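Pasting the structures here.
Both complexes below contain chain A, partnered by chain B and then by chain C.
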Partner chain A sequence: MTKLLAPLFLVAAALLPLVLKDPYLLNALIITGIFTICAMSLNLLLGFTGQLSLGHVAFFGIGAYVSALTALGFDVGLPFGLRVTYEGGDPIVGFLLAIVITGLTGFLIGRLSFRVRGAYFVIVTISFAEVVRLVALNWVELTQGPLALTSIPNMTLPLPGLGELTLRSKVENYYLVLVVAALSYLVVGGLVASRFGRAMRGLKENESLALSLGINATRTLTIAATISAAMAGAAGSLYAHYIRIIDPDVFLFSYTVTMVIMVVAGGKGTLAGPLVGGLIFGLLPVALRPVMAPEAQWIVYGAILIAILFVMPKGIVPALETLTRRKAPKAAPGKPLEAGARP
Partner chain B sequence: MSTILNVEHVGMRFGGLTAISDLHFDVHEGEILSLIGPNGAGKTTAFNIMSGFLKPTQGRVVFRGRDLAKTRPNEITRLGLARTFQRTSVFADDTVLDNVLIGLHRFGSPGLLDRLLPTPGARAAEKAARARAEEIIDLVGLSHRAQELAGSLSYGEQRLVGFALALATEPRMLLLDEPVSGMNASETQGFVRLIRKVRGEGVSILLVEHDMPMVMEVSDRIVCLNYGRLIAEGSPAEIRNNPAVIEAYLGKSAARLEEKEAAHA
Partner chain C sequence: MDQFLQHIVNASVLGGTYALLGIGLTLIFGIMNVVNFTHGAIYTFGAYAMYLAAVALGLNFFVALPVAVVAGLIMGAIIEFALLRPLRRSDIDTTMLVMIGTGIILQSGTLWIFGGVAKAVPTPFPTEPLVIGPVSLSYVRLFVFFAALALIVLTYFTINGTKLGRAMRATFQDHDTAALMGVNVSLIYTATFAIGSALAAAAGALLGPVYVVFPQMGDLAAVKAFAIVILGGLGSISGATIGGFILAFAEEIGAGYISSGYRDAMGFLIIIAVLLVKPTGLFARAERIG
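Entry: the complex of A and B
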């Protein structure tokens, strides 16, 4: 039954633009989708390995800048009189480059900081995001600093034999985000169910025991950080080509906080958690807009988060799972190995 | 008889505290050796050194001819030296089956593609791992608990899960830290049969245990520690009658009493 939920949700999401024509709502859904991808990627680290990255927005922002600069081109001077000039190219190349470069960045950050874990990792990630934001703000020749990179082209998909498709409309972008989100969901789901996922879970639950079983902690965590960063980078690229203007504010700490809220409220360490949290906290501003000012919305945000965690400390999805399990006792997943009962 | 593990003049100091001063003994291939001693004698510290969780401040540990000084715990496991933990150590939020599957980690296919995609190779490996896990669970006698969360099992059963996890790494040698503490008499008997069976397959065993009847019954040899140094080494019968051992466990006057009784006899 629960196995059908994800495909059903996907079908419903795919059919939604047929009935929903309001551009404001579509826009909100696209942005929500992009942040949900970020939340899923953060969940891979926070939920499944237990490592809190409070600089996750850095990967999102790097992805956005890499993709935008790949599409727009740049002309920058480097030390020793070197100059790098690049004409600009296809947005799809930018999308792939964003994934590769943020993945590499995640790998390096993981290598550097997973020797010391816990609070140290949190501090390293916060500092990293801040450093990247300052670079984006001050390397004006490359990033235009606070003036922002503008006129970023929309995402263009090469269609073999048919030329190219430029995704200009909101509906097209909606489907692009939906496809990437579905792929991200599948990647996380596949990882978690695999041997690698078991290693992550083992490390999170009991690190000494996991080590004693031959699990390499640094390597496992670094791979998780790499994949997580690459997913956030992909989301950043989607964001850049959809919004078409980015400035150093894409590195704002509050975006990281939003991602953490989505994961924690939805249920960290569950596949559906970031999805549920992402939808709730992504669409909350839409629901609240008619009744209160944006500043006041933050108060409601906080109140709802506190209320959720007060009633369901592990988040919404784990709470629902417990509820359904209690309703249908002995509907244990999988089949028992043996029917023999203990005397 | 060839040795599998050599503990060579190992010392361990935590600041000013000497937990182990000069520990020196060998474990032979295929034997069950017990490490005994009163609380605080340094047994668990010795264990943590042998399994790589602590690095000794002097001396060295050699496993199958290889110095473990620079080897990390997960690598030591891969060399074939596995350990269990004194306190219950299971992945409490996973089923028993999943626990053992995590224990089989080192035998999976490490390709990145297999991690991301359900390739045929990955699926076959997964199936083989499941079969192997069920075999191990059956060996320790927990088949009827395979689908239950490890954290929901009784204390004694959790010890068995911990043992199954160590077995899953296919060790050449097992370090067992108080495996039967918390087990009742019949569970202990079952466990004795189990480690004899495992030893029968050629696995050497180093046992730390407080349950003296169990130690006397199962050990080929015993080494006794007190205040971080070795005070006696020998067969169970020799250890039982060793004055130094009796003194360590029961105090000086008791040792004298035993001597007197021996003189009278």
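Entry: the complex of A and C
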């Protein structure tokens, strides 16, 4: 039954634009989808390895900038009189480059920051994101600083034999985001079900025990960070080509907070958690917008985060699973399994 | 050389308030094992309390200052009592996230009530700076420096010379043993969080009149406080004091001789450098290194 849930959800999401024509809601769904991809990637670190990274927005932002600059081109002076000039190219190349570069950045930052754990790790990741934001703000020659990168072209997909397709409309972008989200879901699902996934969970449950079993902690965590960063970079690229204007605000801490709320509320360490949390917190602003000011919305966000941590510290999805399991008489008593533990 | 002297003086003055911010944060972490993400919001809260007391209520500047500090103290006690006390047995990530939520509520609440426009707090000090040889310094900054110094000394005295301080130090070393010896650990936690918050509010109330008061002022202050605390080692009060001055010097020298745009990046670069070289901070006991 639960196995069918994900494909059913995908079909429903794919059919949605047939009935939903409102451009405002469609826009909200696209942005929600992009942030849900971020939440899924963050869940890989926060949920499955147990490392609370609060610098995740850095990868989202780097992905957005890499992709936008690849499409727009740039002309930058470097030290020692060097100059790099680039004409600009296909957005799809930018998308792929965004994945590769954020993956590499994630690898390097992972190597650096997994030397420490707990509070130290959290603070290193925040610092990294802030440094990147300040660079984006101050390296005006490359990023235009606060003036923002504008007129970023829409994503263009090459179709073999048919030329290329530029995704201008909201519906087209909706499907693009949906496909990338589905792929991300499959990547995370595959990883978690693999031997590598067991290593990650082993580290989360008991690092000393996992180490004694021969799991290489730094290696496992760094790979998770690399994949997680690359996924966030892909989301950033989608965002840049959809919104078509980006400024250093893409690195704001509040975006990281949004992603964390999505994961924690939905259920960290479950496959469906970031999806549920992403939908709720992505669409909540749509519901709240007519009734309250943006500042008040953030107050509600904060209050919900606190309430969820108090009432269901594991998140919505695990709480629902516990409920349904209690009703089913066949289920074995005892500690509920992690949802990700099942194939 | 004259310029260098000026930088040194500026950095020393700034370092006092940085140390104040860092001590509050490190105290809370050291004793309660809570990474306090409300610290920046409490700093902003202190600045707005100062604004309300001095401008809206029209109190004397020197009366408004302690009022703001006490407001921070009470706010800290409320947060600890309502949110942290029920989560005493939770892991550090949960309390961290609850603190993030609380920080969001405080900051958005400030923005909602006061709006985004920056407010100025008038000071009774003369506007002409004090000029000694090649160095000039405004009176208000001089006052801020000595007030911060006084608060730091007061905190040291509280921790090292009073009964409350002895109980706090005992809890810091081992809260179970402290509880067995008759220390009311819950009360110590509330007191710690309240004192830490009061110090953050004091920093905000002191720097608010120097610069301007606005809802997002706490964001950078919080990250700087984290930098200071990492530099000195989480949980070390003397480390935080020295860390505050080191960060101020790094910023001042960095802004003066490298690039003013990257002034605020110094803190983060320090964090990253310290963690690369000596992950426990320069003056700390080892916590846990992977």
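Going forward, the second predicted complex is superposed on the first by the 330 of 343 C-alpha atoms of A that agree within 3 Å, B and C clash if a C-alpha of one lies under 4 Å from a C-alpha of the other, contacts with A are read in each partner's own complex, and residues count from 1 in each chain.
Methods note: contacts are C-beta pairs under 8 Å (C-beta built on N, C-alpha and C of every residue); 3 or more make two chains touch, one makes a residue touch a chain.
Since we're looking at a predicted model, the values are computed, not measured.
Asker: Could you let me know whether more residues of chain A are touched by chain B or by chain C?
Answerer: C
Asker: For A:Leu15, is the partner it touches chain B (first), chain C (second), both, or none of the two (neither)?
Answerer: Touch partners of A:Leu15: none, neither chain B nor chain C.
Asker: In the superposed arrangement, which partner chain does A:Ile245 touch: chain B (first), chain C (second), both, or neither?
Answerer: neither
Asker: Mind working out whether A:Leu5 is in touch with chain B, chain C, both or neither, as first, second, both or neither?
Answerer: Neither chain B nor chain C is touched by A:Leu5.
Asker: So, does A:Ala217 touch the first partner chain B, the second partner chain C, both, or neither?
Answerer: Both chain B and chain C are touched by A:Ala217.
Asker: Thinking of the overlay built on chain A, is A:Arg201 touched by chain B (first), by chain C (second), by both, or by neither?
Answerer: So A:Arg201 only meets chain B here.
Asker: Which partner chains sit in contact with A:Val84 here, chain B, chain C, both or neither? Use first/second/both/neither.
Answerer: Neither partner.
Asker: Taking the superposition as given, does A:Leu165 touch the first partner, chain B, the second, chain C, both, or neither?
Answerer: Neither: A:Leu165 stays clear of chain B and chain C.
Asker: Applying the touch criterion given at the start, work out whether A:Gly118 contacts chain B, chain C, both or neither, answering first, second, both or neither.
Answerer: second
Asker: Identify the overlap between the chain B-contacting and the chain C-contacting residues of chain A.
Answerer: The overlap between the chain B and chain C interfaces on chain A comprises residues 217.
Asker: Provide the residue numbers of chain B that touch chain A in the complex, in ascending order.
Answerer: Residues 51, 53, 72-75, 77-78, 82-85, 89-94, 97-98, 101-103, 105-106, 108-109, 114-118, 122, 125-126, 129, 134, 137, 143-147, 162, 165-166, 168-169.
Asker: Could you please specify the touching residues of chain A with respect to chain B in the complex?
Answerer: Spelled out, the residues of chain A in touch with chain B are 187, 190-191, 194-196, 198-199, 201-202, 205-206, 208-217, 223, 332-338, 340-342.
Asker: In the complex formed with chain A, which residues of chain C make contact?
Answerer: 29, 35, 83, 86-87, 90, 92-94, 96-98, 100-105, 107-109, 111-112, 219, 223, 226-227, 230, 234, 259, 261-262, 264-265, 267-269, 271-272, 275-276, 279, 287-290
Asker: Could you pull out which chain A residues touch chain C in their complex?
Answerer: 52, 112-120, 122-124, 126-128, 130-131, 134-135, 137-138, 207, 217-218, 253-254, 257, 260, 264, 293, 295-296, 298-299, 301-303, 305-306, 309-310, 313
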